[in-house]
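Labels run A, B, C and D following the written order; every chain starts at residue 1.
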Amino acid sequence: MDKIPVAILGATGTVGQRFIQLLDDHPSFEVTALVASDASGGKPYGAACRWRVSSDMPAWARDMVVQPCEPKLDGRLAFSALPAAVAEEVELEFAAAGWIVSSNASAHRMDPDVPLLVPEVNPEHLDLIPIQRRRRGFGRGCIVTNPNCSTIGLVLPLKAIQDAFGLRRVLVTSLQAVSGAGYPGVASLDILDNVVPHIGGEEEKVETEPLKILGRIANETVQPHPARISAHCNRVPALDGHLLCVSVELERQATGEQLAKVLAEFRGAPQQLGLPSAPPAPILVRDEPDRPQTRFDRDAGRGMACVVGRIRPCPILNWKFVSLTHNTIRGAAGAAILNAELLLAKHLL
Amino acid sequence: MDKIPVAILGATGTVGQRFIQLLDDHPSFEVTALVASDASGGKPYGAACRWRVSSDMPAWARDMVVQPCEPKLDGRLAFSALPAAVAEEVELEFAAAGWIVSSNASAHRMDPDVPLLVPEVNPEHLDLIPIQRRRRGFGRGCIVTNPNCSTIGLVLPLKAIQDAFGLRRVLVTSLQAVSGAGYPGVASLDILDNVVPHIGGEEEKVETEPLKILGRIANETVQPHPARISAHCNRVPALDGHLLCVSVELERQATGEQLAKVLAEFRGAPQQLGLPSAPPAPILVRDEPDRPQTRFDRDAGRGMACVVGRIRPCPILNWKFVSLTHNTIRGAAGAAILNAELLLAKHLL
Amino acid sequence: MDKIPVAILGATGTVGQRFIQLLDDHPSFEVTALVASDASGGKPYGAACRWRVSSDMPAWARDMVVQPCEPKLDGRLAFSALPAAVAEEVELEFAAAGWIVSSNASAHRMDPDVPLLVPEVNPEHLDLIPIQRRRRGFGRGCIVTNPNCSTIGLVLPLKAIQDAFGLRRVLVTSLQAVSGAGYPGVASLDILDNVVPHIGGEEEKVETEPLKILGRIANETVQPHPARISAHCNRVPALDGHLLCVSVELERQATGEQLAKVLAEFRGAPQQLGLPSAPPAPILVRDEPDRPQTRFDRDAGRGMACVVGRIRPCPILNWKFVSLTHNTIRGAAGAAILNAELLLAKHLL
Amino acid sequence: MDKIPVAILGATGTVGQRFIQLLDDHPSFEVTALVASDASGGKPYGAACRWRVSSDMPAWARDMVVQPCEPKLDGRLAFSALPAAVAEEVELEFAAAGWIVSSNASAHRMDPDVPLLVPEVNPEHLDLIPIQRRRRGFGRGCIVTNPNCSTIGLVLPLKAIQDAFGLRRVLVTSLQAVSGAGYPGVASLDILDNVVPHIGGEEEKVETEPLKILGRIANETVQPHPARISAHCNRVPALDGHLLCVSVELERQATGEQLAKVLAEFRGAPQQLGLPSAPPAPILVRDEPDRPQTRFDRDAGRGMACVVGRIRPCPILNWKFVSLTHNTIRGAAGAAILNAELLLAKHLL
């Protein structure tokens, strides 16, 4: 079977690098174009990019010439790791030119006709694609987005909880790694021996994105889930991995054992369809008193699993737990790849 | 005026070192005995102690011979930085022998007749001292305690809020520095590039100590404040400074401006009495979007002030804010010294 | 073919954990006994060990019962990750009982009849084994050691240089990661935002071990190489990977290109014999101005390669370069495994 | 006595901030102008600057309006923290306009008629000033420079050694903190859990600047000292403080005790003249086996002292030792201030 040719938009940044690493030897996709801003255009990728991922740059990427950001490229599927301000226009142009854009950028996540997709949570939101195409005159192109790197570690457990017990209120505090800010991103003088209790725009995303993802489609748009979320977001001196301290209020009573069971047994479309990037279980539940930990658990399920632990009663809401996800894999590039794998399995690609 | 001779119990640990640093040139207290476990006994302090505080060890401490932990020492006031398990018995022995014990240990904090004292918050809890003496037959000795290093950054703003608007529910997530675990404490292999979402016994302390501190004395004991607190406690790779993300529910409505004003204008007994270690204002309110930060704000008020920022509405409870306190100064040694200064000002020493 | 049953002595420490990780699915060796100090004896390994390696503990190890350190165990090959003080006696007992002991401990490294073995450098030192057996009455047992975790990144390039150009003098400064000190090892209060310019006994090892390894056997012992080495050893806040800044004086002139070529083309017995843990090339030469770097290069060759870069003239000696090696893989457990693989290939096991 | 009005050029960067911090309450100098690039011009300093120094920004600086970089300003003394490329021209313009420029920039350090000044080492190099003025037609203006932040911790002990025993060869490896790269400077993704063995241009500076500083004036220029220096420079994850591992070869034999004594008793013009920023002793010698350490010793002498330890024989050259200096105080702003204090004491200001 021929692999689908794919372009990576914003290929030189930290998320672009993760796309290249994760698409190395992918069974369905083959990278045929690396796209970046004008400054990098025309250079070999190996020279244009300051590689900040631990494993080596794949040999095929090193010599590929970086191309400017234009939809005239050959290909069908584009992964977007563009900055939000650039993504706004460029992703529309690519979709209008017939590309399937699987985007990690925030620009179109909250557009009413754009799926904010987590394959285990809301695969039915793919029904927005024909609506999007019709409204925007996109032909065979479209935009599909994945959530913010902090949202993902919240919405996976919330979905399992919502289905089993109903969900009312959520209070979450994040401890986020520096790679979430891209490169050069967070200055070492700002974060060594420090905590920064503010990440621009992050709390708003964490408070709204999960409600769209958990919402239902009605009248050609998504009706957000009626739960309420409050977020505190912090930057900490870790390289990869966003850790969340979560308190939840449920509709219906649950025991700690029931909660752990529901989380551990949660499965979704990627597991049922056997998508190549799907972890065997989207949520791993650990029962040690001090897990998950950022460094030791971020690579669970090759960075695609969410690790939950410390399930215990909350004196204010009902239950407390800790959730950890790899922010540049499951929280960014891996999420967009899993979305594209779902599109392929659903014959939408 | 002669200075009061004081002993430091547990003088070689990280909190013991802070006592020595903070009591260097103190106007009322003079260190006359350094006490530590048997292993250190008989050695000069400079040899017995691995000094981990940034400024140099005071010259007077270097040659002082470390003594075993026995109440036969000369002196009147003992600062205790003992481990809880040791403090349990030793502090009782010292109090029975007539010492005023100002303790940072957790052993007796929740005893019904022992003040868990924050001079700005509950100076009236000193009324427990005659009760304690009578019940325990202590004569002129007694035990006074200061709260856990995470409690302090919570209870100072909660007191200001309680007085102005009433307090119902509090959800707090801590990001705590490694010095809170003492020395050697947290292994570097456990915390570099990592977050540990668990600190043994810490959440229980943060959920109960503030309610005793905010409580009222009735029937010879403290009736805890009826608010409810839920805590998530985390260890992060910072050296000093505990940062708290706090959400509060009030009895009565307040605007953000009112809240900021009440916090910034909060004053207590140490300010009114001009105690030597008292910061000019116990709470500093900052209005930058990204302050307080651990490294940049922990030394505010020479480590004795609590810095609050990011006051904003909480979609779940009423208001959110961030609070930062130096954990080994205001959260430990500085707190015990301020307590002793209050005792002195109140002629209880 | 049946796998050789092996015991890991000191299985619960950081190096012991690396042995377990690296022996998972090994083609020739199968772990049949995990041995540790009395405190861990009788517990399942999963309970006895605080696993500090990033990948998950292999399932087979989790339930294996930790055994006390006695040579009555079944097996033929023992990997020793014991502390030096314990290794001194225990390794002799195991060898006397017929075990082949492949040791990472320093206790017997400098014994005149014990090979200090680096398979790419001095495979002929295996000729010490019959001498050792005869002298000590070991029967079929023996002790083989691998060098200190800092020595290895020095001796691999020195061997290539010695063979091509002769070697006179070496000045080396190390920047060593915290995992080299074991667990709990370096306290976070000692190393966050700090450099410690001292590691007990390390400089002596780095100044003497390479000379034994590069030496020749004569009169039943090793005549050390006549070069002179001076070492400065430092601990830095990195998790894994020892970086060395090296200046060398050669016997015969060389250009930088010649030096780079000799290092890059260096091969030894493991490559010729195709040993399972051998990296394709023992030394990787990089020509970027800022490589190798600790985090980005420590995993080269699955942690078994030495990465060299920044080859440039030295105004004092002849050439300067930087060398990096993974200290708990090539510098410890991986080294001992490669040694055992060489013994097996040479029919000495 | 009236204070001398001073301008700070490049006032918003990390070194500019140190100037402001160190000139707060200075007995002889008063900051009257804060100068920065066009982007900051016209804003109050508190808004133009991202303050990255631990203590609070002085109140007087907060509201001072940042001015563009033109010599029409009122004043007599300018401290330059400009980037080298900008400093090249601007410092000449200021000197031509009659300013005494005390510069931390590298642009003019190696100019034959510009003093590269360390007051304890080469105060006689001030004799270059009349030569500089005459050649360049500067009138009463001139440029005086201080060395690179790594040079200073080397040249102070080298001067003491040179005077007592003569100096032949020096091999130095630096472990440098991130603040040396300015702000934003080193990205956290580049340095957390890492060492970077390269700092652009640094080795060249460390190998040449000390020889000019130790040189003698002859024929209206500086004849560099004939010793040879070789440097390896590394960036490590520490905030402030450059640690140097040094090996030296002497002209005449010395014992370790003699070396320690010569270093500890070294004094220079700042100590003799009692300059306000001078440390009591320029070099502090410590005899613990593991000192100096970056975090614990960088603030010695309020950041103006060099701390030396681990004096021991070197098997290659004669002696080895470790030296530590605060890179943004003694290695930058503090150095330029001490230079200006010397000029004032010598009636050159």
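We adopt the following convention: a residue touches a chain if its C-beta (ideal position, glycine included) is under 8 Å from a C-beta of that chain, and two chains touch if they have at least 3 such contacts.
As the structure is a prediction and not an experimental result, all values here were calculated from the model.
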Query raised in the report: Which chain's C-alpha centroid is most distant from that of subunit D?
Result: A
**Report entry** Pair of chains joined by more contacts [C-beta pairs], B-C or A-B
**Finding:** A-B
Query raised in the report: Taking each chain's centre as the mean position of its Cα atoms, how many Å separate subunit B from subunit C?
Result: 47
Query - Whole-Å gap between the CA centroids of subunit A and subunit B - result: 42
Query raised in the report: Of all the residues in subunit B, which ones touch at least 2 other chains?
Result: 192-193, 237-239, 295-296
Query raised in the report: Which of the residues in subunit A end up touching subunit D in this complex?
Result: 14, 52, 178-179, 183-193, 237-239
Report task. Flag every residue of subunit B that touches subunit A in the complex, lowest number first. Result -> 169-171, 173, 175, 192-198, 200, 207, 228-230, 232, 234, 236-239, 241, 243, 245, 247, 289-290, 292-296, 309-310, 314-317, 320, 322
Query raised in the report: Can you list the residues on subunit B that touch subunit D in the complex?
Result: 54-55, 192-193, 295-296, 299-300
